[in-house]
Structures are given as C-alpha cells and as structure tokens.
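The following pair of complexes shares a single chain, chain A, combined with chain B in the former and chain C in the latter.
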Partner chain A sequence: MEVAATTLLNALTLISILALVGLGLTISFGLMNVTNLAHGEFVAIGAFSVYYIQSLGGSFWLGLMVAPLAGAAAGFILEWLILRHLYDRPVGAILATWGISLILQQSLELIFGLGAKPVVPPVDGVSDLGLITYPTYRLILISIAATTLLAVLLLLRRTGFGLDIRTVIQNREMAEAVGINTRRAFAVAFAFGAAVAGLAGALVSPLATVLPQMGVNYLANSFFVVIVGGAGSITGLLAGSSFVGGFTSILNYQISPSLAQALVLTAAIVLVRLRPNGFVPVGSRFS
Partner chain B sequence: MRDPSWLIAFAIGLLLLALLPTWVDSYNLTVLRDALIFGLFAASLDFFWGRTGILCFGHSVFFGLGAYIMALVSMTPDIPLPSLLGLLAGITGAGLLAGAVGYFLFFGGVRGSYFTIVTLALSVIAQQVAVSWSSVTGGDTGLIGIPPLMFGGLDLSGDVASYFTVVALLATVLLGLWALSRGRWGRILTAISDNEMRAAALGHNAALRLTMTFVISASTAALAGALYVAMAGLVAPDLIGLLLATEVIVWVAVGGRGTLIGPVVGAVLVQRAQQEISSFNPSLWPLIIGCVFVLIVFLLPEGVLSIGTRIRALFRRGAA
Partner chain C sequence: MLTASGLRSGYGALPVLHGVDIAVGEGEVVSVLGRNGAGKTTLLRTLSGALAAQSGQISVGGLDVTRRPAFQRARAGIAYVPQGRGIFGMLTVEENLEVGTRAAVGSDTTDIRQRVFQYFPILKERSGQRAGTFSGGQQQMLAIARALCGQPKILLLDEPAEGIQPSIVHEIGTLVRRLADEQGLAVLLVEQNLDLVMSASSRCLVMDKGRIVHAIQPEDLKDEVLLKQFLAL
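== the complex of A and B ==
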C-alpha cells in the first residue's frame, strides 16, 4: 500500500513535468505541423535560469519567475529568426531547429562551463500525508504544474485567443478565411509553449542534473507523449503524459531506467499501429 | 542527376580511389578508408531519405547494431568463418529491426515528422541500452579486440587490402542502390512521395514499399557498421548514438540529398574538416555542426554539389 502510494506520487511528478514540456510541442505540432527539436533547450534554459539567479544570491522563487520569461524570449527569437521562414518546409524546420539545439547547448556550456550545476530546493524535508511521507518540494511541484495546466485549459476554452488557437488547430485554411491571423497566433502560442517548458525546467532543476544537454531526454519523452496522446489537444496531452509517465514510474521499480525507456518506446510504437492519431485525435468530442 | 553524368562521376571517383594508394601513405589511406565506410553509411541514409523524402533521425541505430552484432559474433570463440557470419548476422539483425519499426509505423499510417521523431527517440534509447547493458556491450568503454576481416584463408587486414575491400564494397553497393533507385523501384517511390493516395490507387502498396526500402537502407547501414568495427578493432556506444545519427544527416545534406555519390563526398569532406577543427578546439565542433545545419537549410537546400549546377545556370543565363 505504501509502495503503491509512493509510486502514484512519483508518477504524478513525472506526469506533471511531461505535460508541461509536451504542451509547447503539441501546440507547434497541432497548429503549424512544425517539429521543434530545440524544445528541450527551453527546459535547459529554464533550469539554468534558476541556477543563475541562485548563484547571484536570489531565491528559488525568483528563479521560478524568471525561467518562463527566459523561455518565452528564446522561443520568440527562434520563431522570429527561423521557424516563420520554414512553415512550408517540415524537413527544413527539423534540421534547422536541431542546429539551433546544438548551438544553444554549446553556448550554455561556453557561458556556464562544464559539469552539472547545483540548484538548492526552496524547501527541505518531507510532509506527512497520513499513509506515507513524501518530499514536500515534489508536492509543491505537482501543485504548481496542475495549476498551470488548469490555467492553460481555461485560457484555451474561455478566452477569445483560445478560441482562435483551437480554430487554427482544427482547420488552418478555414481559420484564415474567417480572418484569424494564423501566423501571429502561432508566434504567440509558440512563445507561450516555450515559456511553459522553461517553467518545467525550473521546476525539475532541484531534482535533475542541470546540464546543457539535459534537454534531449525531455525532448524524446515529451514527443512520445504527443505521439501517443495525439497532437493539438490538452486532453490528448494529459492522456499521453499519464501513459508515458505512469508506465515509466511503475517500470522503474522493477527494472533499470534505460530498459524501462526502451519498453515505453516499444509500447508507444505499438500504440501508433493501433491508434494512428493518438488517444485523443483532433476533431473528436474531447479535443 | 541524369543517368550518363551519374555514371561518369561514379567512374571518375572510382578511378581516383583506385589510383590513390600509389601516392598516399598508409596512414592517410586508413583515414580515408574509415571515411569511406562512413560514406557508405551516408549513402544508405540517402537511399531512404533521398528517395522517399522521409527523414530517419536514428540511422545510427542500424549502423551501431551491425557494429555490435559483428563484434559479438566474430569474437565468439571457435566460430567458423567469424567475419562472414558476423557480417551476415549484423545485416540480418538490422534488417529485422527496420522491418519491425517499418511494419508498426508505415502500416500504421505514420509518415513525415512523426517518423523522424520516433527514430530520433530510438537512437537516444539505443545508446542508453548500449551503455547500461554492460555485461554484453561492455558499457561505456565498449568492446575491444575484434578480429579483422578474414574469409577462410583470405586475410584482408592489411592497410592496402582493407582499403580496396572497402572501395570495392562501396562501389558495388552504390551501383546496386543506384540501379534500384533509377529503375521501377525508384519510380514507384517517387510516385509515393509525390502523392501516396494516387500511387495507392494505381495498385501500389505504399506501406510495404516504404518498409522494404527502409529495410534495404538499414541493412546497408549495418554493413557499414560491421565493416567499421572489423577495421577499427573496437566498438563503443558512440557508434549507435544520437551524435552519429546527426552527423550522417549533415553528410547527406552537405553532399546533396538523392544523389548517392554526393553523400559519400560529403562524408569524406566533413570528416576531414572535423579533424582539422577538433585538433585545435574539440568543443567547437558541435557549435559548427549546429551552424552548418541552419546554413544548409537556408542557403543550400540541395547540398554543396549544387553550387556547380547553380553557377552553370548563372552562366547560361548570362550567355542568353
């Protein structure tokens, strides 16, 4: 029972992070069919922001506020310099964003030097949940992530801008025909996705090894999330992260992490065969 | 590229490679030999990417799988014909993996970006498995002491002999892939990449054709990987990882996608540049590779060899 409760909370931690990172990917996939391989670097930029603020004497919370801004700035520049010229060249976008990803990694290494960077969590210790005790910081992480996702959901469902975004995802030509500026919608949504990825990087920074190359693993995992869940919907995003995060957390108890990753990938590939458009295809009732 | 000009380029290249040992010393010959093996690897990716337009971001998985299987089989004690069995096992293993991936993805309707991403994830995971499954793969350090190529009594381990083995194999495979891609097979692939629904309406099984092309491409990559470990004598996780998967894309993109010869030239030139640059600052290389990616996309989408065509077009316009 205790093991089950701990596994559940571990899974929730992982699911929260995957959903936050995957949000930007599902937006750029769903909106413009753009594959952004530099998305993992937004996570790294968020984590390095917290490290940098802390190394200047600032608090973790200040870092947590700066990280999404840094992510948004990086996302805005990437969209402006590179992606907007490659909307009709999907392979070109893949290659160019991969180049940017290598450049960003190497720049982080040149600026901050080699080796893992320490980030101090804002709170130490564990909380007593009755049945089990669990690290307090992870509980904070889960609640911040849940709040963010809820806010995003409300933004998409209840605001005019959200309506625009959902229209573009469902049918880009039709959205343009009714007068939505799809390119501006995409630019804003892209920077927003990058900001949320930066927030995710800041949230994991006390738990993970903060390295310039840390983004690649988040990139691979959150792409599974989008593929399994279906691109372009929040429900699909949550379904995909629950599948990948839950599966990984359960397997991590029994077998080595890399074997667990291999099994999750295999499961994702098999799922693609069974449900080619993901758990929640765009245009379905829940998208 | 038109047929005669491809064959002329092929013949000139082959002649050059055949005459090279007369004035190049044995150290540079082995460097070129290794570069040509990676050129074969680049051509294998080009056969798939260039013909179908679908980018595989994890081709190093097949190169590395061929390499590891070759190492494991040929190091098995008391095995008859270790080199031959190792090569065959490596090629078959990679072909089977590609067949499985192709079955689930292509028959599942996955094309384009999704395929690229799944194969990218495949190479991330393959490297993790190669590092952590240390009882078989030797972990981070890999395996050393892989026997050189021997077929019965035929010893191909000398510098010149191994160089000519690689050149002969490269030439044979290039000709085979070229014949395949300019014949009926290649035209069906072009039809599929132009408009899959129409190709399917004409009775072509697109998913099967893509899977078979992927299997051929992966098996060729495994052949290159197996050759490489037999020549180098060691295998390590960087032969299966994401960095190599990235570099092979650069070689193909620099040399020119869809030309088969271009990627070989690209592989040799880029590796030469890498050695020069890494010798004075090793951490500069990933930065330069990154810039090359961006520059190629924006300035030279057809590869470096296209500069010639462009200049010719410029002159023609000037003359007219």
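== the complex of A and C ==
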C-alpha cells in the first residue's frame, strides 16, 4: 500500500513534467507540423535560469518566475529567426532546430562552464500524508504543474486566443480565410510552449542534474508522449504523459531506469502500431 | 467591388489560370460555370489568397490586395466559402460564428452574430451544438453564416449546392439573391447546379481551361442549344 502510494506520487511528478514539456511540442506539431528538436533546450534554459538567479543571491521562487520568461524569449527568437522561414519545409525545420539545439547547448556551456550546476530547493524535508511521507518540494512541483495545465486548458477553451488556436489546429487554410493571422497565432503559441518548457526546467532543477545537455532526455520522452497521445490535443497530451510517466515510474521501481526506458519505448512503438494517430484521434484535437 | 485582371496561378509547375479577368459589382451575383477541372476552385482560392497569384492584379473596392496574405484579404472584405464548406467540425455553431467575426475588425461581434442569426433561425436554436454533427445542408448554411459574420463586401461561394438536397439548394438560391439585394453584397458563385445559377445570378461566365470563354445571361441557360454550345456538355 505504501509502495503503491509512493509510486503514484513519483508517477505524478514525472507525468507533470512530461506534460509541461510536451505541451510545446504538441503545439508546434499540431499547429504548423513543425518538429522542434530544440525544444529540450528550453527546459535547460529554464533550469539554468534558476541556477543563475540563485548564484546572484536570488531566491528559487524568483528563478521560477524568470525561467518561463527566458524560455519565452528563446522561443520567440527561434521562431522569428528560423522557423517562420521554414513552415513549408518540415524537413528543413527538423534539421535547423537540431542545429539550434547543439548551438544552444554549446552556448550554455560557454557561458556557465563545464559540469553540473547546483540548484537549492526552496523547501527541504518531507510532508506527512498520513499513509506515507513524501518530499515536500515534489508535492509543490505537482501542484504548480497541475495548476499550470489547468490554466492552459482554460486559456484554450475560454479565451478568444484559445479559440483561434483550436481553429488553426483544425484547418489552417480555413482559419486564415476567416481572418485569423495564423502565423502570429503560431508565433505566440510557440513562445508560450517554450515558456512552459522553461517552467518545467525550473521545476525539475532541484531534482535533476543541471547540465547544458539535460534537455535531450526530456525531448526524447516528450516525443513519446506526443506520439502516443496524438499531436494537437490537451487530452492526448495528458493521456500520453500518463502512459509514459506512469509506466516508467512503475518499471523504475522494479528494474533499472535504462531498461525501464527501453521497455516504455517498446510499448510506445507497439501502441503506435495499434493506434497510429495516438490515443486521441485527430478529429477531436484540443477539445 | 471585386476586380481581377490578368490573373495567373497554379500549383507548382502546373499552371491552371491563364489570365482571368473578372469584375463583380455591388449587389451583383456573378456565376461561374465550367467543366470539372476548368479551374473554378483555383480561381476562388487565388482570389481569397489561399493560393498566391503568379501575375495579374486583384482589388477590393479599389484597394490592391494582390500581395496581401489571406487573413488580410478577409479583413479587407473577401469572404470565402470553399468547396466542401470548410466548417470547423469540432467547434460549436456559436464558436464557428465567433471565429467568423475575426475578419470584422473593430466591430461589435455579438451584434454581428445577432444580425446574422436573423437570416438563419435554425443556427440560433442549435448554437451550442458541434458543427460536425450537422447535415450537409446545415453545414452549408453555417459556412455562409460564418462568412457573413466577417461583414464582407464580397462573397466567394464554391459549389454550395454540391451534395445537398433540392429544398435547401432552393433556400440557398433565395438567400444569396436576398443578400445581394438587401446588403449590396457582391457574390461570385461557382456552381454546376443550373437551377441555383438561374435563380440567383445576375449574369454568368463560362470558364474553360483556365480562361473565361463566354459571358451569358441566366435565361440563356434554359435554351438547350445555347447551353450545349457554351458548356460543350
């Protein structure tokens, strides 16, 4: 029972992070068919933001607020400089973002130097949940992630901008024909996805090894999430994150992490063979 | 209201339009007839901006929009109802109409929707329903309603009668005529259904192989000899 509760909370931690990172991927894929291989670097930028703020004497919380801004700025620049010229060339976009990913990693290394960077969590210790005790910071992480995802959902369902995004995802040409500036919608959505990835990086920074290359791992796992869940849908994002995150957490408890990851990948491949469009069919995108 | 001159466009290396000249005035319904593959859809897509013009000029009420992207043309007054209707099936009727108002920049969008509902009472009753659950005829009505929400000056309609039952086709014909008469809308109607063309049009153009080859009167469509000659059916 205690094991199950702990595994559940571990799974929720991982699912939270995967969903936050996957959001940006599912947006760029669902809206413009862009596969952004530099998305992991937004996570790294978020984590380094917290490290940098702390190294200047600032608090973790300040870092947590700066991280999404740094992510958004990086996303905005990437879209403006590179991606907007490559919307009609999906393969070109993959290659370009791959190059950008390497450049960003090298830049982080040049600026901050080699080696892992320490990030101090804002709170220490554990919380007594009755049945089990669990690290307080992880509970905070889960709450912040859940709140963020809920806010994103409300933004998509209840605001005019959200309606524009849902419209573009369904039919870009028609969205443009009714008067939506689809390129601007994408630029904003892309920067937003980068901001949320930056937030994810900040949230994991006290738990993870903060390195310029840290994004690669998150990128790979969030790709599973988007492939499994189907691109362009929040429901799919949550389904995919739960599948990948839940499965990984359960397996991690039983076997070594790398074997667990290989098994999750295999399961994802099998699932995609069975349901090529993911859990959530394309028709019900962002609804 | 809408003028296009010397319009050429196509897909990649395949040219489809070979210099089309067309003008639609305020309150006028101009129909375009022509065989499958004549380039009618390509013409409307080029006018709406979904497809870039390779040469020629398009203007809306004197404003040159040839180099403008589609969303700006929509805001300049061109509304486009594509072949197959292009409604947003996962959105509700209300949401479809709301995105329709994106082209009506600076206007009171609730007000616009109320006025559009007057033409389409059934849409008001079903405003919370998902558009994808509608029948073909209802979707066509919704697509036209959505186009009107942008407060257009020009309405481009691509085969609105396709796959729709005759009673609704008749309704569409009456509606199009009314919109032109009451609101001064300039309508460019691509259509194969001769009944609809005859009931709604002010004049007709025949298109073949990417060119306008004849200009005829709607009454001429009743004359089978003329019809054979023009449409080579």
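Structure notes:
What we mean here is this: the second predicted complex is superposed on the first by the 284 of 287 C-alpha atoms of A that agree within 3 Å, B and C clash if a C-alpha of one lies under 4 Å from a C-alpha of the other, contacts with A are read in each partner's own complex, and residues count from 1 in each chain.
Throughout what follows, a contact is a pair of C-beta atoms (placed from the backbone, for glycine too) under 8 Å apart; a residue touches a chain by one contact, two chains touch by 3 or more.
Source: prediction; values computed, not measured.
Applying the stated contact rule after C-alpha superposition, one finds that A:Leu86 touches chain B and leaves chain C untouched. In the superposed model, A:Ala96 lies in contact with chain B only, and not with chain C.
In the superposed pair of complexes, A:Thr147 makes contact with neither chain B nor chain C.
By the document's definition of touching, neither partner reaches A:Thr133: not chain B, not chain C.
Judged by the touch definition given at the top, the superposed model places A:Asn171 against chain C, while chain B stays out of reach. Chain A is touched at more residues by one of its partners, and among chain B and chain C that partner is B.
In the superposition on chain A, A:Ser256 makes contact with chain B only, not with chain C. In the superposition on chain A, A:Ser59 contacts neither chain B nor chain C.
Comparing the two interfaces of chain A, the one with chain B and the one with chain C have no residue in common. Interface of chain A with chain B (complex): residues 29, 33, 35, 37, 82, 85-86, 89-92, 94-96, 98-103, 105-107, 109-110, 216-217, 220, 223-224, 227, 256-259, 261-262, 265, 268-270, 272-274, 276.
Chain B meets chain A in the complex at residues 53, 55, 57, 101, 103-105, 107-110, 112-114, 116-118, 120-122, 124-125, 128-129, 131-133, 242, 246, 249, 253, 283, 286-287, 289-294, 296-298, 301.
Across the complex, chain A is touched by residues 48-50, 69-71, 74-75, 80, 82, 86, 88-91, 95, 98-100, 102-105, 132, 146, 150 of chain C.
For chain A in complex with chain C, the touching residues are 160, 163-164, 166-167, 170-171, 173-183, 283-287.
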